[in-house]
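We just call them A, B, C and D in the order they show up, numbering each chain from 1.
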């Protein structure tokens, strides 16, 4: 056991999977000598050499498109996209190719690749370094979408993602890269993709979130004197409705928290499904606390945009008394 | 008044706006001499010349990216993307630039452009010619998303889109390009962006749809002996909640129909909002009849994928007796 | 300091058997044996027959949109011939001739255009990716496939095919750039057939040659007569050697022409002159090949008749296999989505797809009065 | 037919004032007047001062990430000088010197990096787009802007700036290709500073020159010493003339070097050798320019001191204006999203953003017991 940050937990998972399986290779911008702009791949170039930790040209579509080829040939590429704002140029290769290859070839060709992407706001970064596009990829069949909210989960989920026979987008909430530490086992372990985590149990209400927002939810719940169940989705696609349903049938009240814009965000899907699965149990409308339907503002105003403890608390109170 | 197909109505709107305003120019693949692969721009090259109807290189990002520049300079480009499946390479220029330009420059630069895109399945087309990506762009703040379901609306909405000072994605449901004709006034008229159309009034249930699916909904409703209100969204972003809310508060029951995959589709947002706005009025969970959470299959199986009258009728019956 | 030269270059044009029947014996003599020549010609003939039949299938409603290969047979065929059987072929959609040469059963192509994904379920040992519908995107996959070979120290390389139009896409550039800078053993084979649907070549590339696209990357690049199977064979062999020996990619522009419409959905008379087509008909790679075979006394009319009949039979059998394939279970829409389908929502969608709308939770449906 | 030549080309390298002080009078004499030279040097000095101050603002927490221009002043400055005031400048983020020359008040750049969109609210008459954060995407906008000028018969052209890394992006290719094939009067100005963050130039382009990227499009292309303001001025003037006279684009590779870290978030010692940096310090465009001015008796130490003081004042004033700008109303997050904000949902989000969660319909909230 070591007390690790989320960045360190990811780095450890990468090291261990690369040691174990030489089909695993890393490629991306500045992932080599520089160890990534967030130092997530620190030390890997030295340890595994330039053939396995590859500084690529500055071209996101190229990074993902060649990874599709590498994966079809049987390797397990782990491409990094430097910031979620630069997924845009790779959108087509992700959604038109990686996501479709297995089904369009009826399994003849597959794409076991894990796309690592720092995600989300709150670090005073420049434009396009603070977005939350998880809904886009959740709406795209053929992908799995994962976002850890703690160092322990980060390691276990990344190992699962790398070993998964299908393409996984592994979002790394950069706001909590180094925000806190947690005991992380040295040995390898996996956390199943598709299973949410009940962070805290409670009776009166269910709060659902993922990524960095889980931390805000925890502090809002701490401040409240109600008995609140907190679910960290961990996997955004597929959605673990079983865990959600069990909780909502118990509590009858739900608040969903995410950073992405509200309209057509993942919160909408959760809300719709909760109605579909738990209609007769709901005592209040499912409430969403989200980013606004605006462009993520530059950093002077970013804290106005991001769901904060105050807004979450407010929602909890409103839902509680509905 | 002339009796026009949807293709003809669009063509007429283009001709009239180009006559009226020489800032309007068309660019795209095969839009010139060939008149577009669906013949939507037929005759325009001859009428307005190669400077205003431009066959571009085969590069979707280039088409949208140069259109952003043309628009910032004050023109009103109407780029065509040949099929919705080829929006992928243009995703970044649409979402990272066109959608953000006004707000990131606080209005100093704007992008009055209308992106025309044939959309949806049902025409026995090859791979990637039958998708429904409207949710992706509805989740993207800064865009407006429009999809007509009739020749009359097609003309009026396109004129509004071209005159709109902000970027609009104008989806053309290719399944009904020539499926039926309608009286379309010769004179120019506009249909406001952001306003839904109540196609049929009813008391017991609200069915909401857009694009080609509206036709399926009409036939399901015809077959039913219940009193059903049908709303054609017409504009998908922004959503006309006023019309929806009025209807749902009256009927208490809702079925939403769309071709796109279910998870994080626009149906999810509608369902979530209906719960938020009309919780105390709902007598049954909002029901979604959608494409599956799979890749749109090749055409042999496409009719299994697309919501059809049978599935819509089934949903109507289930919701009615809930 | 006066102005100096930072860079100079020149690009070769390779032609061995031209449209007048001139044959450059020095370049061409050891490239293709007589037996091989005959086989290649027969394969062209089969491919052209396939085109005819596919066209009719589309016209009679038995198949969807189909893009003919007619006029471009020498390009993909010469390339497939010049490569090893374990080299990856990464095609666009106008390379049937080469794919058939490699051993792809013809029904795969038919199934693809009949709207059946099983047309893409290509056996691994053929080292071939399925037809690529989105233009310009598959070169990156070829680059990745070749990269994987290099990474593993395997000897196979990749060759990817695409049109003149495809060279306008950003992904083309990124693939070329990755390959050149990371030393990846891949061949970029551009079939410059002068048109991208209705858009003429100079809108895609107004430079004197398309071949010079490769100069941007410091890549070896060459232009050849794409209707000359000798020239194609030579440039691909040379490229393959550079790739195998030094992990160097090559960009090939093969100059050819699309004799038919873009696809069965197209009517080329709307946008191109009949004279241009007529001129190119005289450069038809099959005529040239046949005349050459005859000049070598390897071919005559009775061989032509026999080969034609054989081609007809082969194609007819393939059509039969394609049309008589067992119906695809509807559940296939779901079954190949992931390695394992364990998401309960997806399982539920699969189970209820024909009998219920999909938004409803069945446990709730049961708890209320049922209709139907 | 033996193998023939399909294409030959050569690319010029232009240098006028080199790092040893050699000046090519024939090429350089009429380019920049003495008065202009002094002004340009003063502008470099101001820009470098701006870099220092911006760096300190970041380090003291008064500003976010900032990318220094240090070492590359001659490129954007020479280009802006060579162009007309109504030509579009479409920058990346390392062209402050040129933008200031055009007249952009320095606080705009500060505000941008202070996380304030008003730094992008650039007056129309400056003909300038804001800093571009996503690499490689702005060349298409420049192409569109120039296209619009051509369409309207206006005389202004566009010049877009980007780094060596940016030339790896697909959008770069598409922009170059649109411009070349559709005859659009735009100048593509690549600042090859040898690094893209930690990635060395040969990973972006392993060809002998970056300039030859232009060959792919049949575009005029040229390489110049980017630390030589005379050479930059000359190649941009020539390019502008081609654009204005014939709507022909030009690709320029200006060879330069990033003397500082990539940004304040970077530590270049992790990936590049100190010797390389030391070598390039001797080619610093400011040293070269100052020595040249001195050799012409246009400059001396007291002028340097006075100019330095003036620069300090100018920058300090800009910092003051940036830091003292009125707080941006929070509603600005919404207000510039569309020309008119009439979607009730958006209006509601704007109204309730600080006082309520946003999923709740206020009419329902009112109908239930309120907390707080």
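Convention: contacts are C-beta pairs under 8 Å (C-beta built on N, C-alpha and C of every residue); 3 or more make two chains touch, one makes a residue touch a chain.
On a predicted model such as this, the values are computed, not experimentally measured, just so you know.
Farthest from chain A, judged by the mean position of CA atoms in each chain, is C.
With centres taken as mean Cα positions, chain D sits 38 Å from chain B.
The distance from the centre of chain A to the centre of chain D, with each centre set as the mean of the Cα atoms, comes to 34 Å.
Residue positions 56-57, 59, 61-62, 85, 88-89, 92, 96, 103-104, 127-128, 141-142, 239, 263, 267, 271-273, 276, 279, 285-288, 292-295, 298 of chain A each touch two or more of the other chains.
Shared contact sites, meaning residues of chain C that touch two or more other chains, fall at 117, 134, 137, 168-171, 174, 177, 181-182, 203-204, 332, 337, 345-346, 359-360, 364.
The touch graph of these protein chains is complete, with an edge between every pair of chains.
Chain contact summary for the complex, chain D toward chain B: residues 117-118, 120-124, 129-130, 134, 137, 139-149, 151, 158, 170-171, 174-175, 177-178, 181-182, 332, 336-339, 342-346, 359-361, 364, 367. By the touch criterion stated above, chain C contacts chain B in their complex at residues 64-65, 112-117, 133-137, 165-166, 168-171, 196-199, 203-204, 265-266, 270-271, 328, 330, 332-334, 337, 345-346, 349-350, 353-360, 364-365, 368-372. Against chain A, in their complex, chain B makes its touches with residues 61, 85, 88-89, 91-92, 95-96, 99-100, 103-104, 127-128, 135-136, 138-142, 237, 239, 260-261, 263-269, 271-273, 275-276, 279, 282, 284-288, 292-295, 298. Remark: chain C residues 1-16, 18, 22, 24, 26-27, 168-174, 177, 180-182, 202-209, 211-219, 223 touch chain D in the complex.
Contact residues of chain A toward chain C in the complex are 25, 51, 54, 56-57, 59, 61-62, 65-75, 77, 89, 92-93, 96-97, 102-110, 141-142, 144, 164-166, 194, 238-239, 241-242, 272-273, 276-277, 279-280.
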